Structures are given as C-alpha cells and as structure tokens.
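Below, each structure is written out as structure tokens.
Next, two complexes with subunit A in common: one pairs it with subunit B, the other with subunit C.
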Partner chain A sequence: MRTANLKEKISLHFEYGAAYLLALIWMLPLIYAFWSAFHPSEYATRFDLLAPLTLDNFREAWSQAPFARYFLNTFLLVSIILLAQFILCTLAAYAFARFEFPGKSIAFALVLIQLMIMPEVLIVENYVTMSQLNLVDSIVGIGLPYMASAFGIFLLRQTFKTIPKELEDAARVEGCSALQILWKVYVPLARPTYVAFGLVSVSYHWNNFLWPLVITNSVTTRPLTVGLAIFGAPESGVDWSIITAGTLLAVAPLLVAFLLFQRQFVQSFMHAGIK
Partner chain B sequence: MNQRRSRFQIHGWLLLMPAAIFLIAFTYYPTLATLAKSFFSQGNAIKPSRFVGLENYEFLITDEVFWKVVGNNVIYAATTIPISIALALLMAVWVNGRLPMKSLVRMSFFTPTVLPMIAVANIWLFFYSPDIGLIDQITSSFGIASHNWLGDPDTVLGCIIVITIWKEAGFFMIFYLAALQTLSPELEEAARLEGASRWYYFRRVMFPLLMPTTLFVLINAIINSFKLVDQLFILTKGGPDNASSLLLYYIYEVAFSFLDQAYASTLTVVLLLALAIIAIGQFVFLDKKVHYR
Partner chain C sequence: MLTTLKHKAGKLTIAAALGLGMASSASAVDLTMYYPVAVGGPLTKVVDGMVEDFEKANPDINVNAIYAGNYNDARIKALAALKSGEPAQTSVMFSIDIYELIEQGAIVPFDDVVETADEKAWLDGFYPALMENGKTRDKTWGIPFQRSTIVMYYNKDAFRAAGLDPEAPPATWDELVEAGKKLTKKNGDTVEQWGAMIPSTGYPYWMFGALAMQNGQTLMNSEGNETYFDAPATVEALQFWQDLGNKHGIMPTGTVEWATLRQNFLEGKTAMMWHSTGNLTAVKKDASFDFGVAMLPAQKRRGSPTGGGNFYIFEKSTPEERKAAMKLIRFLTEPERTAQWSIETGYLGTRPDAYSTAELTQYVQDFPPAAVARDQLEFATAELSTFQNGRVRKLLDDAIQSVLVGDKTAAEALGSAQKQADRLLKNYR
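Right after this comes the complex of A and B.
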C-alpha cells in the first residue's frame, strides 16, 4: 500500500511538472512579445537579462501606422454589431420562446443553419451583395452579415424559456404590451446571458479578420486586425521589435480586460458553451 | 378567442421579422446564389457570364491545386481536431484538480483564445524564422542545423497545425472545465475507495460522463478546421507551392486575387457540402445525446 502511494506521488509530481511546462509553452509567444517590444531591436533575438528597457518601439509603431484610427474603427465595429445583435436576437428569441405561430419549428431549424454556415464561408457572395448595396469599404458593411446571430438567438431563447410564465401573466394583467413585457421582465432577468453573449461577441469581432480584410480597403474603415496584418507584412520592412510592439498595442485592450475580469470571461465562455 | 390567437401569431412573426430579413440577406440568399453561380462562367467586360452547366465542376476535378488544398485540409482537420481536444481535456483535468497555482495555469491556457490569430501569427513568425528564430536558437544549442520551417513544403503545414492547436486547446478546455465542475466529487472518492487508479477512473467514469461535451467540442473543432485560416495570411500565404493552403484560403485567393468568382463559388459549394454533411451527421448522431430544451 505504501509503495503504491509513493509511486502515485511521484507520478503526480511528474504530472504537475508537465502541466507547468505546457502552461509555460502556452505563454511563450506572449512572453516573447513583451521581451522584444520593451527592448531595443538589437536584443530582439538575443536574450540578455541585462538588456536595457525602452518604450521607443511603441512610439515607433504608433507613429508608423494609424493605430488610433484602427482602434476607433474596431471600437465602432464591435459596438454596432453588439447593439444590433442584442436587438435582433432579443426579438427573435422572444418569438421562439413564448409565441406560437405556424412554421415556428421550421423557422428555428433554419436559424440554426447559420451555426454551420457562418458568414466566413460566404465571403464571395456577400461581397457581391455589399457592392450592390454600395457598402463596400464601410464599417456597417463589415458588421451586417453578423448582426442576426443564430448563436445569440439560441442562447437567449434558452434563457427566456426558463423564466416563469407567471411573471409575464402578471405584467399582462397590469396592462403591459408584448414589447413592454419583453423589456421589463425578460431582458432584466436574462442579464447574465447578455453579459456572456456580449463578451463572446466582442472578443470574436475584435479578433475577426477574413471578412473585414475582404470588405475594407482604406484606413478609415480597417479594423485593428487588418491594419496589423498590413503593418506586420514582411514586405513593409518594419523590424521585429516594432512589429511586436504594434501587436501588443492591438491586443492590449482585450488582454487587459481579460486579465482584470478573468473569472467573468471564463464563466461567460462556459455559459455560452453549455446548451 | 380566435382573434386573440391570430394576433398572437402575427406578433410572433413580427418579432422574428428583423432577424429573418438579415438571415435571408446574408445567409440563405448567398448560399443559393453561390450554388447558382457555380453553373455559370465568369463574365467580364467583353464576354458576359453565361450558363455552362457542370463545366466549373469538370475544371474542379482536374484542378491539381484544389486536390492539394483538400488534402491539406484533411490533414489539418485530422491532426488539429483530436490533438486539441485531447489537450483540452488534459488541461481541464489539471486545472480542475489540486494543482498548486492552478488559476495561473488556467490563465495561460486560456490566453490564446482572447488574442487575435493575426496578432499571434506575427509572434509565431519569429519562432519559426530560420537561424534567428526561437526554435532554431534552441535546436542549434543542441548542435542541430538550422531549418527554414515555413519555407520547406514538408514542415510548413505542421507549423500551421501547431499554431491552431495552441490557439484552440484553451478554448475547448473551458467547456470541459464547465462539465467537470458538474461531476460530483463523491464519484471519484467512491472509485478510489474501490481501489481504482486515476487512469481507470478517467477511462471508465469521467470520460463517458463527458461524452456530450466531447461531442459539442468536436463539432466546434470540425467547423474551425474549415474556418481558421487567418494565420496563413501572415505566415505563408498558402505557400510554398500551396503546401500550406487550405480550402477557405484558396477560395479567398480565387475570388479576390484571381478575380474568378464563378470558380470561387464552385469551391464554396464544396465547402458548403462538407458543412452540410457535418450538420446531417450531427443531427443523426448527436441529437440523442445533446438535448435542446
């Protein structure tokens, strides 16, 4: 019994070692980015603990690309999408959760199709649509295909269904209309779901790249990811330290938010995943 | 009463209407338009587009790049899916257990999820660079010759796969973590009292109980294996000689670099078919396991 215990103890320590090693490997890209961004470029590939620290790379990166504008674009993009998603998904989810109408189950199945056929797959045809709508190279154009999110509709419907119907009946007796009931009863009670969906949506669209790349072609519309790709392209001839500084600038808001609200983030992603 | 019911029905449809319009405009219509366009030739200023039947599909069958890209995508899926799921499960078990400093470990596993692929690709590009890159600096200290990881057709796809696993595993870990926290701790205690080893407990108790989560994660991983191509734009542009190109990246190239929307639509139909097969598979196999309330 004792030897078995000892053996198990050793293997447990071995496992913990493996866990820490894996965690270190997982952090390595970020650690390297910090190293290279805060040191002069001659130290970008030379690791010397006594290397001097500097903020010049950040200043350089900030002056070489219109990061301020990219930040503004991404901020606008993420806010527009989130606002539209909240409105569209709330209305649709309410219909699916609490109304009976012909074709409801077919409509719901059709909505779920979008979980599979995401806008990324349809870039070719959506580009054509955007040029017909004259929305190529506009922030609204980047956002439109994502606004009716099947994921959001599904998530909110699940939440709305758990809210006791008696609350709705009580509000109706008080003379509230359907929209008033939605706004005064359902939306406040579904707050955790809105937070969860909001965080998932914001981090998705902050990081999204392919469709924004296709649909934008000027500084006034490009989000951070597309700007960063152009900034970091090898043909632009910018050196490592400045690229990593630019990269850190681009990820900073989300990364800081994540570190501050780590628990909330993790729980939101969990919440969003449990069906 | 009847009047009230019909008003109820109309309200339902009205609430659904805004979302439906968006879904029709940006999901259903483009899906059908893609299918239709795949039967037409690419028009230009001199020659307008015309119906060509299956000509685009005939070209597709003889297109070596297409087969190369499909092959790559199959390898990409067959490696990233099982490895990232296995790692995710391992991570979740570690972080859920008695590991000291586990919140720090959990944070490092999850961090790649909140970073944009484009940004991390910039950093990985440095890791892979010949001579000065981190990997070569480590291997050269062991006396191994430097290697152009991204320039060699034999290693480039592997490099892309590693990044994808790194990016995905922590995301999937979260779902396992959520599921593990619903398992009662008495279960493990009981198993240990019976003398079961940790591995036995994992294999016979924990893993079967996590099956719904595994299936959910699996679907996500499959979709990602078609969708996650951002890193190619920074690291390889699909090269060298299409050795690292994936289907969605090839669609992008055909549509927006070669400006052949008809053929890009044909390629998109293949992608849509693959997704449809997954969707049907999910419907048939998973519906029994994953309950939608």
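Right after this comes the complex of A and C.
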C-alpha cells in the first residue's frame, strides 16, 4: 500500500516536472524577446545579469513605422472579422445542427473541404475577387475572405448538437420562434465555445501577414504585422534588439489580455475541446 | 423619396466633381510602384522622400510607392495585382526573378521603352557586372537599384593580437587558411574566437557563387537554362568550403547561421566574416573594435556574385505609363540620387558616375570600406538565376548544406543536384 502511494507521488512529481519543462521551452522565445528588447544590442546574444537596461530599442522601433495607426487598423480588423464570424457561423451552424434541408450533407461537406485548403493558395483568386468588389486596400477587404470561417461553423455545429433537444422543445412550448430559440437557448449554452473560437480567431488575424500585405497599399489600412516586417532585413541579418522590441509592442495587448483572462480561456478550451 | 433624391443629387455632384478633376489633369499619369525592403534601417522613409522629390519635379506624374515586404512577398504581391485588373506599372524585385517574370510575360525589356540617344546612354551607364542579372536574350529587363555584393569584414584588433598585419587582409585562399589558423583562439576544447565564418543558411547558394567564381567557375549560363553544379571547379570550391571547418579547423563545422553572423562578428566570436555589403552601415554603427573591409580572397581569380533588387516595368501598362515609369526610374538612378541612396543604405552605387559626385567622393574618402565593394565589381559575376529559379536554387542550397554537415561528399551532392537541375531546365533549352 505504501509503495503504491510512493509510486503515485513520484509519478506526480515527474508529471509536474515535465509540465514545467515544456512550459519553459514554450516560453523561451518570449523570455529571449524580453531580454534582448530591454538591453542594448551588444547584449542581444550575450547573457550578463549586470547588463544595462534601456528603452531605446522601443523608441527606435516605434519611430520606424506609424505603429499607432497600425494598432488601430489591426484592432478594427480583428473586431470586424470576429463579429462577422460570430454572426455567420452561428446561423450556419444552427442550420446544420438542427434543420433538415435538401443538399444539407453536400453543403456541409463543402464547408469541411474549406478546412483543408491553405488560404495562401487562394491569394491570387481572392485578390481578383476583391478587385472586382472594389475592396482592394480596405480593412473589409482583408477580412472578407475569412468571415465565413469553416472552422467556426464546424465547431459551433458540434457544440449545438450536444445541447439536449428537450431544452429546445421546452422553449418552443413557451412560444419561442426558431431565432429566439437560437438566441435564448443555444448561444448562451455555447459560450465557452465562443470564447475559445474567439481567441483562436483573434490571435490568428492579429498575426496574419501575407494576405494583408498583398491586399493593402496604404498606411490607413495596413495592420501591425506589415509594419513589423520592415525589421525583417533578410539581406543584412536582423537587428535582434529592435525586432524583439517591435514584436513585444505588437503582441503586448494580446499578452496582457491573456494574462488577465487566463482562467476563463483555459476553461473554455477544456470545454470546447480545442487543443 | 426625398432622401433618395438627395442621395442621387449627392452622387451627381460627386461624379461631376470627379469628372472636372479628371478633365483638369487629363495629361496626368498615375503610377503605382512596389518596392521591397531587404536591409535594416528606415528605408521606407528614404524611398518616400525620393519619390516626393520626383513628384515635385514632375507635377504631371503621380507616384504611389508601396512597401511590399521582402523579395518573395513583393513578387507575390506584384503577380497577384497583375492577374487582377489593378496592376502596378513598375516594381523593384529580386534581380534573379527575371526568368520567371519573362516566362510569365509580366515584364517588358527596357530596349522597347528607351527612344532617345540620351536614354540609351543612361541605359549603358551602369556597372556591367550589375547588369548581368538584368540582361538576357540580348535585351535589358532590369535596372540595378538596391544592389549589393559579398565582402570580407575583418577585426583589425584581432589581427594585431594574432601578430598579423591589419592592413594586409588575406588575398588568397591559402592566406585565408593561414591567417585563420593564427586567429583561431582556443580555451581547452572550446573555441573562443574562430578564424573565419561564411554563412551557410539563408543564402548558401550566394556565398557559394563567390567560392566557385574564385575557382574560375560560374554556376549557370546567361540564358538561365543550364547550370554547372558538377563541374570539377565547382566541386573543388565546395570541398574547400567544407575543409575550412573539417580540415583546417578555422570555421565551425556544420552550418553557420546567416541571421546571427553579424552579431557573432560584433561580439568577437569570429575574426573574419563574409557577408553582404548591406551590413556595412550596421557594422559601422555597432562595432566596438577597429574593423576593416576587404575584397574576397582569390584562388584562380577574385570573385563575388552581385545581389539585390532591380527595377522592372510591367507589360500591363500603357505607352504613357511606361514612359512615366522610365522617367521615375531614371530619376531614382541619377548620379546624385544614387549617391544619396548608397550613403543612406549601404547599397552599392550602381553607376560609375555616382562615385564622381562630390557627396560620394567625400564619403568614400572618409570611409574607405565603402569603396571596396565598388572596386570588387570588376571581378563580380551574376547571382545564381535560372528558369524555375526557386527550385534550382533549393537544389544547390540543399547540396551545400548536406556537404557542410557531413552527410555527403561534394562530388555526390553536386552531381545529384546537377541531374535534378537538368531535369527541371530541359524544357527551356
């Protein structure tokens, strides 16, 4: 009996140790970014506890592109996309989960196929479409191809399917219409899924680079990532201090939000089953 | 009803205003130009400033200069825009994209746009080595703009400490090895300072182009449909590169990271490095020691590939737009502006007459390293550029890296790269 206990303890310690190790490996790039962003560039790859601290890197990074405007653009972009995704995906998922209509399985298969196509393959086609819609160089133009998210539809459909039919029947007895049932029964119960999907969507579009670069032409539409790319300097090699400072500036809002709402996010992910 | 009327009225006024606006500047040409940024520093501001000057000098041409990421991004953006209805008329793109752009029918040769003798003289005014990547089939398709070449940076303090003459950097492969051995400092089994580092990630084919040229061998023909990866001199060059680490022990074995090499040099982890002239400004700014810049050493001869971006004019453009685009390109490559561009970015001055301007003469006098790259142009050759460029380049990159990490011998790796390149290029012969 005692040995079994001991064994359990050891394996528990082992698990914790492994978890901490993994966490450390995941965090290393971020830790490095903090290190080199706050030190002069001589110390970018040299570890010296007494190295002088500085904010010059942030000042220089900030001055190299109109980052204030880029922040606003990125914020508008992810908000517009998220709102549109919530509306479109909720309606589509509801239809797929609870209604019978001709061609339903074909339509759903088409949605699933969309999951398997890399968005980069469609850059040229999407550009042509945006150009026909007269949306080149607009924030809506960056977001439009992503609004009917197949991932969101799939995820919400699965969640809606797990909600007991009895709740819907009860609402119907009370005299709710189909849309009222959606709004009063399904949406509130799927909240964890919305939070989880929202997080995935926001972080993806916050970080998206190539498509926004291709479709935009001016400061008033370009997101943060495009501004950050000028630090890339593939030919001369990167100035690590400046690029990490710029990166920290760009990810700061997400990082702060995550730290504040960490508990909710983690619970939502467990609930929604996204890993 | 009233609101619709108002709406319509509003639309009419706007249309009228637009119509008037157009009428008043009927002769104005709108140009869209893409440009990539490949080196550090506030380059977008420099370009914007020069374009502004151009618009002031040419009020009838409006230029919309758009930053387009790195070279790859710029190509994707330009081709996407070309296939839609809203193309750019001119763009700076990687000089080695030339064959792909020709194959897609995306660009026009400058020979079709120049008319006057003055313009022809301008076209002939660039360094011939820089034109190699822009010329094929007897026509000029690309005008050199942000161009660089490989030079050797060396730490003069380290040279002094090792008892070497800091004003006589190695000029041959043998001298490189000899100096490298003296400069390699060991503390037990760990090396504190390497003799030399040649980067082998990022752009291995580019560095290798220098070694092959020094051994008297180019990597491809000017039609871009044949490679010489398995020529004996090419194999020897790769063998020498591997020997620097494995046999002579003056360079780390395995690969040397491109992106952190400058940092390593600045921290004294290597006494010499081969790197792009694009680094000159950054090294000058950050070096805490006395450093020098030298031409790359010679085996049979000196040699280095050129690199960087050229101006292209797109096929989807009206004759007026092409004229205006060429006016813009001419403006940006005038001697004074080339001098200014070179000083602010560290790129080469692309024309001999730029080096006779007062500014650049003064700059080179105050900072002699800036002249090394120019003087080396005499020995320079084109950067590896063929049809199916991306794939051919990858073949060579993989071959080089597999030899440096010790998976294959030079002859094996290059032989198989050549075979695969032949298969890719067969259709273009």
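Going forward, the second predicted complex is superposed on the first by the 205 of 275 C-alpha atoms of A that agree within 3 Å, B and C clash if a C-alpha of one lies under 4 Å from a C-alpha of the other, contacts with A are read in each partner's own complex, and residues count from 1 in each chain.
In the analysis below, a residue touches a chain if its C-beta (ideal position, glycine included) is under 8 Å from a C-beta of that chain, and two chains touch if they have at least 3 such contacts.
Just so it is clear, the model here is predicted, and its values are computed rather than measured.
Chemist: Going by the contact rule set out at the top, does A:Val251 touch subunit B (first), subunit C (second), both, or neither?
Modeler: first
Chemist: Check the residue A:Glu174 against both partner chains and state whether it touches subunit B (first), subunit C (second), both, or neither.
Modeler: neither
Chemist: Kindly classify A:Met270 by the partners it touches after superposition: subunit B alone (first), subunit C alone (second), both, or neither?
Modeler: It touches subunit B, and subunit C stays clear.
Chemist: Look at A:Val128 in the shared chain and tell me whether it touches subunit B only, subunit C only, both, or neither; answer first, second, both or neither.
Modeler: The answer is both, since A:Val128 touches subunit B and subunit C.
Chemist: If you tally the residues of subunit A touched by each partner, is the higher count for subunit B or for subunit C?
Modeler: Answer, by number of touched residues of subunit A: B.
Chemist: Just checking: does A:Asp239 make contact with subunit B only, subunit C only, both, or neither of them? Give me first, second, both or neither.
Modeler: The answer is second: A:Asp239 touches subunit C but not subunit B.
Chemist: Of the partners subunit B and subunit C, which touch A:Leu210 in the superposed model: first, second, both, neither?
Modeler: After superposition on chain A, A:Leu210 lies in contact with both partners, subunit B and subunit C.
Chemist: With the two complexes superposed on chain A, say which partner A:Glu100 touches: subunit B (first), subunit C (second), both, or neither.
Modeler: After superposition on chain A, A:Glu100 lies in contact with subunit B alone.
Chemist: Should A:Ile230 be classified as contacting the first partner (subunit B), the second (subunit C), both, or neither?
Modeler: second
Chemist: Show which residues of subunit A both subunit B and subunit C reach, each in its own complex.
Modeler: 45, 123-124, 127-128, 210, 213-214, 226, 229, 232-233, 240
Chemist: In their shared complex, at which residues does subunit A touch subunit B?
Modeler: 8, 15-16, 19-20, 22-24, 26-30, 32-33, 36, 45, 87-89, 91-92, 94-96, 99-102, 104, 107, 110-111, 113-114, 116-129, 144-145, 147-148, 150, 153, 158, 161, 178, 203, 206-210, 213-214, 224-226, 228-229, 232-233, 240, 243-244, 247, 250-251, 254-255, 258-259, 262, 265-266, 269-270, 273-275
Chemist: Quick one: which bits of subunit B touch subunit A in the complex? Just the residue numbers, please.
Modeler: 8-13, 15-16, 18-23, 25-31, 33-34, 37, 87, 91, 94, 99-100, 103-120, 122-127, 132-134, 137, 166, 170-171, 174-175, 177-178, 198, 216, 223, 226-227, 229-230, 233-234, 248, 251-252, 255-256, 261, 264-265, 268, 271-272, 275-276, 278-279, 290, 292-293
Chemist: In their complex, what parts of subunit A are in touch with subunit C?
Modeler: Against subunit C, subunit A makes touches at 41-42, 44-46, 63-65, 123-124, 127-128, 130-132, 136, 210, 213-214, 217-218, 226, 229-240, 242.
Chemist: Along subunit C, where are the residues that touch subunit A in the complex?
Modeler: By the definition above, subunit C touches subunit A via 32, 37-40, 42-44, 64, 66-71, 73, 76-77, 79-81, 83-86, 148, 202, 258-264, 266-267, 275-276, 278-279, 282, 286, 288, 307-308, 346.
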